[in-house]
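Both complexes shown next keep chain A, but they swap its partner, so chain B is in the first and chain C is in the second.
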Partner chain A sequence: MESTQLGQIPAKATTGAGQGAVDEVDLTPVRTYWQLARQRFMQHSLAVVGLIVMAILVTLALVVPTITGSLYAKTSLSLANHPPSLLNPFAPLGYDSIGMNVFIRLVKALQTSLFVGFSAVSIIVVVGITVGAIAGYVGGAVDNLLMRLVDVVLSLPSFFLIVMMVALFGTGNAIVVIVAIGIVGWTTAARLVRAEFLSLRETDFVQAARALGAGDRRIIVRHMLPAAMAPVVVAATLGIADSVVVEATLSFLSFGISPPEASLGNMLTNAQEFFYRQPILILYPGLTLILVVLAASFMGDGLRDALDPRQRVRK
Partner chain B sequence: MATYVLRRLIQAVPILLGIAVISFMIIYLAPGEPIDRFRSGRVSPQTIENLRRLYGLDQPLPQQLLSWMVAFFQVWRVDAWGYSFTDGQPVITKIAARVPYTLELMGTSLFLTVIIAIPVGVLGAVRQYSWADKIIMVLATIGYAMPTFWLGLVLKFVFAIKLDLFPLFGRHTYGDDSIGDLVWHLVLPVMTLTIVSVAGWSRYMRSSMLEVLHQDYVRTARAKGLPGSRVLFKHALRNALIPIVTLLGLTIPSLLVGAAVTEAVFAWPGLGGMGVTAVIERDYPAVLAFVMVGGAMVILGNLLADVLYAFVDPRIKY
Partner chain C sequence: MTVHRSDRPLLEIQDLRTHFFTQDGTVKAVDGVSYEIGDGKTVGVVGESGCGKSITALSVMRLIEQPGRIVGGSVLLRGRDLLRVDDAEMRDIRGNQISMIFQEPMTSLNPVYTCGDQISEAVSLHEAVGRRQAWERAVEMLQLVGIPDPARRAKQYPHELSGGMRQRVMIAMALSTNPELLIADEPTTALDVTIQAQILELMKSLRERNRMAIMLITHDLGVIAEMADDVVVMYAGQVVEQSDADTVFAKPHHPYTTGLLASIPRLGEKRQRLEVIQGVVPNPLNLPKGCLFKRRCPHAMPVCDTPPPLQEIARGHLSRCWLTPAGEPPAVGPEATGELAEAAASALQAPA
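After this line comes the complex of A and B, so read on.
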């Protein structure tokens, strides 16, 4: 296996005694950082499993609701409490207490969860990178001010604040949920980017870019950001899991997505109401949540090992 | 040390101010006015105007913010944090009344978490890659991925409905104030919280212990012939516990603020549930106080963790 060092010297002349040839060249093909990262990721079997599971979940969430349209909200009392049956390909998980197709609803809920999860993480990443990059690049008073803001946000009782924002700005609105999670969650990404920027600012390649007359924007966007992305990508992947769980919790407490829209959280609220009739209904949304969380965190672990070998945790 | 603590406490004031600014901004930007809940056909505009004056809503926002900051620190005055919109009780009294319930739930859970997770984590680290370790890691990973409220539902279904061993929710059977009844009601919510946090803590403990076991001084201790248990407990464990202090500091706020979700699932009358109810009811005095208390707890928890650090790790000096 290749060493996991970042800075490999691909074409090193060997000066071994007896070889004679002065310019015998190591013919190992030159590989970029990203090729090495992909190789390391692929060697992390759990991460690959996570990636495959996530790909399947995303495909399901994109395809099934498109085909079934608004069926996820259709009730038909004649079908109520129909038990799960693998023989019925249209409703393998049966029908719930008001005759909604559980499988179709579950996939629609998965779509909502993934949509909220990915969107919230996008906000976290964009805000986090912007704040972190400005703080780390400009430094001084600006840095100080922004980092105090980070301290304040970190000290907030985060879940309660999300509940408060969702309750005051519109219960049942997915956009509000996404923005609320984003507003509370950007601090980690900002700290990571700032830390990277503080050290990148002094590196030779950034100094060289500056000496060549590159403007601040060009230095930040073209030179420093790509080099600072690794920890952010890892944090973002792990953030998907957190956001999905927060959304489910909000919807479970009936702050988030409310019926007839489907969410893994409000399906559980519903299942809880019909605890005695069909207890199995609490199983599906919970297991789906666990699957999403596990897939995202395995991918995150794999990405950490692949992108950022310095941060590797001993397993 | 005393000057360090004092300095940190002084630094906490601007952070609390920031928290107040953020909560004020959210309430200010939200549609409607805090006193909207009092409006109805029978309430005259004059009364609304009086209410606005009573709550200081006619003053400029910075002025309101300042008077709230001053009031927040006057905890000795029962009416300092205002009166709840829902039942007219002083907010301080309401919060203080919930603290014991929250403490008995969160305290029991934290205690169990510590005495279960530390041995489990140590076992996993000492017997790394053994069957026991693999089982521990699989269980911990699943436990970590499980949403708390879902675990609560499942436990409720299994132990309260199917097996009928424990009550579905609440803190007491009506009219029964015995300790036995309380413990009986505590079992399921404590189990829920403990399973989730043991999963996190034992993973943390395991990796911390592994880190220490690979250190030179552990090898030295082994090499000079010390018995295995002495190396483990005297040299390794004590150092592996240092990072756990951080975790403890992160847990302190939840000790008082409670676990809103678990409390909701089991209808436990703790602070977390009170906060959520306050938001639903638009009980603004309670909401503001809740955010500030939560923030203060986070700050105090971090401070406590840093102070504890100096005790468990003599290399750290303030």
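After this line comes the complex of A and C, so read on.
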């Protein structure tokens, strides 16, 4: 059998004498991790739909309120209860009972909801990863302590905890709502990361990294976190949906964002008062909420499939 | 890197003891192991699963995890005791002076980074080089370990490579910093036979090129015969026989070594049944008194109730057995046993 000589590279596409099929040059182009991930994501048609819908919603939420400024809170009694009309490009969804432009208000509400959703999830992810990584990596008493803390937070009825915090620290303040959702919501992410870390800590490649002289921080950040990210990304995307719903619920119950600021929840409250006169007003924020939640969930599914490097592209 | 040549061997393991404190009791996985590895030498460490050969290696690297702990002894690398340097120094030694490759090439590479990334990381952990330089070194290393089209392979992920290729990548990573000692923990066990031969060839040629020493841990005596200068045979956490490779194969002394050699199937030999060593490895929580091998030993005798010392039976040939150097049972009788026990005690105290 031929052994490989030092410094001698077998010519490309040799007949593989001695080397066997193993070392034969495979001429398919190399695809990077992100190319592969994108390819897998794109094969998930619902996820693509979710991504497109989310992209449209985010664009709307970013662009329209910037152009219209404070118009979302402008009342005009002469326009009150003006019906929706596609002929009026400025107010396709008409005006509500106190003459506020429903479309502009809806987009502003969407902006608020998405802002709350993304910010709360950022807190959840940062806190969850930190706690989970420390617990899973250090183990022992630290792990025990942190996980009991998770148990305590989980055992409290989360929604009432949020309501309580918002009531204590200021209703109507988006930041308070975000922090409240974050404080209550990090537990799942922490558990996921911890579980991943517990198994990753024992893997050969972590051991190998240690044998190469890598320090704890490097092992955690470079070797363990990326491998633990897939479930976190999925949880985070689903967390966006959850946070948006919680914010809407809070605002619906007048604990969250209150008028004149717009939120999907307080638009629902408002619409409910005029349900008999203008039932369609409930449809707009309701449908928007459903769109946000579905888009986020589908994206979460797609990302889960895409980010797992162990999965190969299905043909 | 400067290599300090001196009279001292590269690595001296002295009376190393690594115990695992489990709920059921203390497992003495490594119990008083001593051996040394000279510059550029290959030492084969053989023994059954659980005999402590891997734990010895991990202790040298100080990679023992809870509930295990190194409770005694010293590991001198060029005279410096690795068990007493601080963590930062140890990190610097790992991967730089001592590298390690593992049994499972399928799982020893991080699945989320390309092979090139992982080798570059190993390089940049120990040398102040830029990203590009590190990458170039990675490609160079891949070429050195005989991977065709290294520039392209460097951009691939571990799952895109076969087992043999991955082990080559592991070797490239381990050698990227020119270590003086490579610890290879069953480097070919997970590979099929033809690939095994290729990897051994590769390790041999790299050994010559880099003039590095190898601690080769295996249970495959064929691999030892192929590679090793010296052989250390371990059983239940202790060294039972130690010598140069030729002596061990030609004139094994300890009955355990004899048994291991007899249990190798040979081509062209007609045998009804493969020789096996009777019995099983003793429960590490409940080791027999005296010689740890006595329950399985065909030569077991009364004197074996006294633990035999590791004594020199010929020049450079150590064995932990009461049999005389010629392989005869020792003179029996209580006085004789007493003398032997005294000899044992003094042999244990005498500096190696």
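Note that in this section the second predicted complex is superposed on the first by the 280 of 315 C-alpha atoms of A that agree within 3 Å, B and C clash if a C-alpha of one lies under 4 Å from a C-alpha of the other, contacts with A are read in each partner's own complex, and residues count from 1 in each chain.
The definition used in the following text is that contacts are C-beta pairs under 8 Å (C-beta built on N, C-alpha and C of every residue); 3 or more make two chains touch, one makes a residue touch a chain.
Computed from a predicted structure; not experimentally measured.
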First (chain B), second (chain C), both or neither touched by A:141: neither
Touching partner for A:167 - first (chain B), second (chain C), both, neither: first
Contacts of A:67 with chain B and chain C, given as first, second, both or neither: neither
First (chain B), second (chain C), both or neither touched by A:203: second
Contacting residues of chain A [partner chain B, same complex]: 148-149, 151-157, 159-161, 163-165, 167-169, 241, 245, 248-249, 252-253, 268, 271-272, 275-276, 279, 282, 285-286, 289-290, 293-294, 297, 313-315
Chain A-touching residues of chain B, taken from the complex the two chains share: 14-15, 18-19, 22-23, 26-27, 29-31, 141-142, 144-150, 153-154, 156-157, 161, 207, 210-211, 214, 253, 257, 260-261, 264, 272, 275-276, 279-280, 282, 287, 290-291, 294-295, 297-299
Residue ranges of chain A touching chain C (in the complex, touch as defined): 1, 3-10, 12, 14, 19-20, 22-25, 30, 32-33, 139-140, 203-205, 207-215, 218, 222-223, 226-227, 309-310, 312
Parts of chain C lying in touch with chain A, wherever the complex brings them together: 61, 63, 66, 91-96, 99-100, 102, 104, 107-114, 121-122, 125-126, 143-150, 152, 155-157, 159-160, 162, 164-165, 170, 173-174, 194-195, 197-198, 201-202, 205-206, 209
